[in-house]
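For reference, the structure I am asking about is given below.
Chain lettering (A, B, C, D and E) follows the sequence in which the chains are written, and residue indices restart at 1 in each chain.
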Amino acid sequence: MTLRAHLRVTRDRFDLDLDLTIGRGEVVALLGPNGAGKTTTLRTLAGLLPLTDGHVRVGDRVWDEQPGTFLPAARRPIGVVFQDHLLFAHLSALDNVAFGLRARGTRRAEARTAARGWLERVGLLDLAHVKPRALSGGQAQRVALARALATGPQLLLLDEPLAALDAGTRLQVRAELGRHLREFDGHTLIVTHDPLDAMVLADRLVILERGRVVQRGTPADVARHPRTGYVADLVGLNLYRGTARGSTVDLDTGGTLTVVEPAAGPVHVAFPPTAVSLHPAPPGGSPRNTWRVTVTGVEQHARTTRVRLDGAPPVLADITTATLAELRLGPGDPLWAAVKATEIRTYPA
Amino acid sequence: TAPAASAVTVFAAASLTGTFTELGEDFEAANPGTRVVLNFGGSSALAQQIDRGAPADVFAAAAPVNMQQVVDGVGTAGTPTTFARNRLQIAVPRGNPGGITGLADFGNADATIALCAEQVPCGAAAEKVFEAAGVTPRADTLEQDVKAVLTKVRLGEVDAGLVYRTDVAAADAEVEGVEFPQADQAVNDYPVAVLADAPNAAGARAFVDHVLSGRGRAVLADAGFTAP
Amino acid sequence: MNRVRRRAVGGRLPVVLVLPALVGLAFLLVPLAGLLVRTPWGAVPGQLVRAEVGQALRLSLVCASLATVICLLLGVPLAWLLARSDLPGRGVLRALVTVPLVLPPVVGGVALLFVLGRRGLVGQYLDAWFGISLPFTTAGVVLAEAFVAMPFLVVSVEGALRAADPRYEEAAATLGASRWLIFRRVTLPTIAPGVVAGTVLCWARALGEFGATITFAGNFPGRTTTMPLAVYLALETDPDAAVVLSVVLLLVSVAVLVGLRDRWIGGAP
Amino acid sequence: MNRVRRRAVGGRLPVVLVLPALVGLAFLLVPLAGLLVRTPWGAVPGQLVRAEVGQALRLSLVCASLATVICLLLGVPLAWLLARSDLPGRGVLRALVTVPLVLPPVVGGVALLFVLGRRGLVGQYLDAWFGISLPFTTAGVVLAEAFVAMPFLVVSVEGALRAADPRYEEAAATLGASRWLIFRRVTLPTIAPGVVAGTVLCWARALGEFGATITFAGNFPGRTTTMPLAVYLALETDPDAAVVLSVVLLLVSVAVLVGLRDRWIGGAP
Amino acid sequence: MTLRAHLRVTRDRFDLDLDLTIGRGEVVALLGPNGAGKTTTLRTLAGLLPLTDGHVRVGDRVWDEQPGTFLPAARRPIGVVFQDHLLFAHLSALDNVAFGLRARGTRRAEARTAARGWLERVGLLDLAHVKPRALSGGQAQRVALARALATGPQLLLLDEPLAALDAGTRLQVRAELGRHLREFDGHTLIVTHDPLDAMVLADRLVILERGRVVQRGTPADVARHPRTGYVADLVGLNLYRGTARGSTVDLDTGGTLTVVEPAAGPVHVAFPPTAVSLHPAPPGGSPRNTWRVTVTGVEQHARTTRVRLDGAPPVLADITTATLAELRLGPGDPLWAAVKATEIRTYPA
């Protein structure tokens, strides 16, 4: 039951041409600059915008095939969080969340109970009876998220679900969303501007520029081999899976990292290439993590140099051109990489 | 909701509203258990309704043309009888601010004049009297019925109008009547008839007889009608 | 909140809007005031206790309300169909729907007789097969009023639908709501002010209906004589009584409208 | 875009909406069809070439359009005042404004005479000071039609105003726009569909106006005889001619509405 | 001409009580979690929400004083970017931007020319004739920003003006906004969830929680002495003013930093405390910036320790508790601080 889509939409000054496959249980993040066509993609998958050409198939069900078949939005098992929320103004937060269940025939009391559960998960139970107009921007976004999740959809479409949230809430909602997506056996497409959200929540990234895919792959792949400068800037992140034992994480790629937030079980750990310092000899002092690496590649970016290093774990480091000159790096050179534990973020996997 | 068998349904011209209401009450008093159901409206509208199958027993029209329409249509039981006559009178607002004395003043451009439109009976009658008087009226408005003319006179919007005597009699508090000799040239007949397929033919007959009785004539005369 | 918001926007009321608004208000209200000034108030209690007046008033309110209910049940879906579906020829349909507005009501009554009269296109079968005859019955009054008043509802509601943001309906669709559910739970609440406006127009028009009613349903006291018909008859015999009856109709309708408005609008956000 | 959006939302048309909509459509259109079936089409050309008919038609269109312009100029500001200002007693005012809807048109005409007639409250001074007399003039027709039709416009536009999101007006205010500018450049474009709906109602009602016109302005060919008056009088002598005239009025109004709709609505987003 | 306000707004489940002063030319950032009352504050200053109590005065003009005076929104010289944009749907992007100028009586052609200039600055000139419905979320936000700036307001109120922007555009719009705000001699209040936006754009921060101020001060002050854990997390940033000469910045507090992006003239430079590593001896290797520091304070946070260090420049470092134990830090201890140049962001000041 894989979602396979070839999306073509033609508009006056814009056209979209996108191949997309989302496996069952898979989370795909769609990234790209403003106006790249992310929302347009979401709308076609939701059945709100018929394709000009192409198709959308889930397993052997055809959702859209131009010309001919078109399954309308109401009959697609989807959940959508819209960029501007679109909460129903005349319904309370609770009834907004309960709407989808009610539409599917759940009885009122039952739907409300379920909705209350969802509001609790996004931390808004005390605003259950408030109308959307009396919600702040971030509160509205959380209600929209709860509304989309409440129906247990098969395809989840999220348009910047975390954009209006403050740092604290964001962390909490991201964790909750991550938990949900891991348990979720449907397909998820998430649009976001935040590479961290993308790297942490998604199994695969699709990066769109001006209606066309410029790169796709797993977060680690994309991060390691960015095809364009835009992608490199966007997703430059060292990301590993591992198993946490307190504040130590054993990485699947080999090696161990010390982190700040103690955890247990499978986790993602991430830090930017800028956080990696390189030393000819083991540095003393605060960095908790130092390990031996060898240079495998050097890439010149606009103002920094990205050094690809092998080791346990392999790692990317951004250094200045001056450092490059000073250390006289060349492939095969042995070095020490150091990363402060406080620079590493940990997310349950 | 069809009327009970003991009900007599009378379609009567609007100008008979006062008199037929009174006669209906009389008739009900004289024939306990019988109800008179009155439907007042414009004569032509009533004729139209009867032709479209309205459940009427009696039709009393304000002009023979409308009666003829019904005779030619669904038909009447027997020939219609003329039960009352009406003639024209000049109506002027109280105090006669326009100084109207006769039909000749209707040709005066300074006076504001209301007449009935030629399509309605009172308009046709007016045309006849003006012809007889040799006056070309300079009307400001040609009203759709005689009551509309009277309203304009009552409110002082016009200096004079040509209406029926019965109308002046009904509004005597606010308008004054001015008689003129040519009125005899255009006497308006009110015919009444029992309809061919009257649901209550017997009751209908009795009601028509009541209208034609002495009591009926007295009521009609009180309202300003003349006997045929 | 509403008070606050209203007060907050914009500042002083602009003369260029307030002046015509007041002229408009005066234009509508001064004639009414004129009517009230000329009303022989002494005659009012006498008229009010007359059985026929009570009857006519009750009949008017009942018929106008029933006609409004019919118009709501049929007209709101019709407006929705015109605004939201992709029927071919919607433009022409929309214009046709407004036609009964233009038709002189008397002619509307004649048209109803053509179709639903005992010898009409449809009416003859109604009569022959079911023994139903609509003209000259209270049902006929309701029908005539509904025929004349429905376009008002349809046009207002359709205008409201066009102004509503369709993206909320899209959001509801993605939540699995059928068109019918979307209509009930999203569209209707959104356009509620437009529906209220249309209902008011429709009810008021039905309450004042005269030409189509007298032509199609006749003028039988207690059965089809509504207030406007009673006013017409009163004009024949006693013009003052006609004014009194009109004023009674006015006062009752204002009372009803004020009462309903307060209840409906008070509840809205 | 619109086509696409409409098609995309919701899926199949729900019977529970389509069925009443079609019944409503039939209810409005079958009597018209009946009228057309019974129209003696042979008589149409003959009627059309009659000078009086052309005159009446032209007069009707001109007067209804002028009345609509007056209603727009006065009624839209009035609707705005009722919806957006914080006048005390707006609830009662709103109900009063709908009252001319309920007034039997003939009584409306009488009320206008009370006020603007030669001896009316205001009219006597108009006559004495300026020599202006409105009854029995074309201006009187326009006035009577405007009086009867304005409430339709006001109620529709007010409904549209209530449904519009006031936050856009707030945004305009923060950009320094006066209430008048906000009204012109933000509010009006937003409620355009409601204004169009109201204008259609208003124009159609003015075009079909009979009772108030004949009472206030009288009936004089070429000056105050509009189509509905011609129809009414024709009904007295020649019902067939009346039907023909009505059909002519219908066709012309449908043509005008279709034409305008296409132009107005085509331009809207 | 200082804006002085005491804002009190009471609502069913929320009340706001806030003292606020914004000097001429000053930029104040309002931070706080979702539902803290940031938008409410903005609305009272804009004149869209009358105060329940308190006052708003600008110089000796009273804008609002309850009960009594109330200057309506239209007569306040303000520019507002709303959280949900509120672009006029029937006007093109260009006419949306020109609206404020037209409202102030500028002739059409002139207003359009000016508007075109603003659209160019936010990089949307090619979408000038597009209606808002055909704009993507980020594009709409940029138009809203241009619309608010175009009238040259005296008080600028920005509600998350950068939230919907992608990373690249964000950088560019932030720079443009920063440039504008520096030239701007009116008062600015900017609501944001991004501490970086706040630190870089604002002269002072006001941090709001549940309708009450929990801390206020210059970014450096707040960062150095956070009063609550929330504030510490939010604004933990080392921020300096300095003068750039190529990729070297001479700091006003003394000391020099090497940065990646070459610049000239006054700049802000910023890096998070997590980016600072501490060493008992000068570390070799990639870090471009190493300097001597002495410990002046140690603060235990939930999972990390924040070390306050004096030196040229003084600096904050976040280290793990383990590091703390290992280095046995106490006030007065001499250490070496190291920061990689790639970790430092530079913004024109």
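As a convention for this text, a contact is a pair of C-beta atoms (placed from the backbone, for glycine too) under 8 Å apart; a residue touches a chain by one contact, two chains touch by 3 or more.
As the structure is a computational prediction, the values presented were derived from the model and not from experiment.
K.L.:
Tell me which chains count as touching both subunit C and subunit E.
P.N.:
The common neighbours are A, D.
K.L.:
By count of C-beta pairs in contact, what is the leading chain pair?
P.N.:
C-D
K.L.:
Centre to centre, using CA atoms, which chain is the farthest one from subunit A?
P.N.:
B
K.L.:
Go ahead and note the Å separation of the Cα centroids belonging to subunit A and subunit D.
P.N.:
Each chain reduced to its C-alpha mean, subunit A and subunit D end up 57 Å apart.
K.L.:
List the centre-to-centre spacing of subunit A and subunit B in whole Å, with centres computed as mean CA coordinates.
P.N.:
A distance of 88 Å separates the two centres.
K.L.:
Based only on mean CA positions, could you tell me how far subunit B sits from subunit C in angstrom?
P.N.:
So the centroids are 34 Å from each other.
K.L.:
For subunit C, what residues touch not just one other chain but two or more?
P.N.:
5, 7-12, 106, 110, 120, 170, 173, 177-179, 182, 190, 192, 232, 235
K.L.:
Among the residues of subunit B, which ones contact at least 2 other chains?
P.N.:
Residues 45, 48, 151 of subunit B each touch two or more of the other chains.
K.L.:
Indicate the residues of subunit A shared as contacts by at least two other chains.
P.N.:
Within subunit A, residues 47-48, 72-75 contact more than one other chain.
K.L.:
Could you list, by residue number, the parts of subunit B that touch subunit C in their complex?
P.N.:
Touching subunit C: residues 1, 14-15, 17-18, 37-41, 45, 48-49, 52-55, 147, 151, 154, 170-171 of subunit B.
K.L.:
Any idea which subunit C residues touch subunit B in the complex?
P.N.:
Per the touch definition, subunit C meets subunit B at residues 106, 110, 113, 117-120, 133, 135-138, 214-215, 218-221, 223, 232-233, 235-239.
K.L.:
Any idea which subunit D residues touch subunit E in the complex?
P.N.:
Subunit D reaches subunit E through residues 1, 167-168, 170-179, 181-182, 185-186, 189-190, 192, 269.
K.L.:
Could you please specify the touching residues of subunit D with respect to subunit C in the complex?
P.N.:
It is residues 3, 5-14, 16-25, 27-35, 37-38, 73-75, 77-78, 80-81, 84-86, 91-108, 110-112, 114-116, 120-122, 146-147, 150-152, 154-156, 158-160, 162-164, 166, 169-170, 173, 177-180, 182-183, 190-198, 200-201, 204-205, 207-208, 210-211, 227-228, 231-232, 235, 239, 242-243, 246, 249-250, 253-254, 257-258, 261-262, 265, 268 of subunit D that touch subunit C.
K.L.:
Report the residues of subunit A in contact with subunit E in the complex, numbered from low to high.
P.N.:
Touching subunit E from subunit A are residues 11-13, 32-36, 38-39, 83-84, 127, 130, 134-139, 142, 159-160, 163-170, 193, 195, 230, 233-234, 247, 258, 260-262, 273-275, 277-281, 283-288, 303-304, 317-320, 322-323, 327, 335-336, 338, 340-343.
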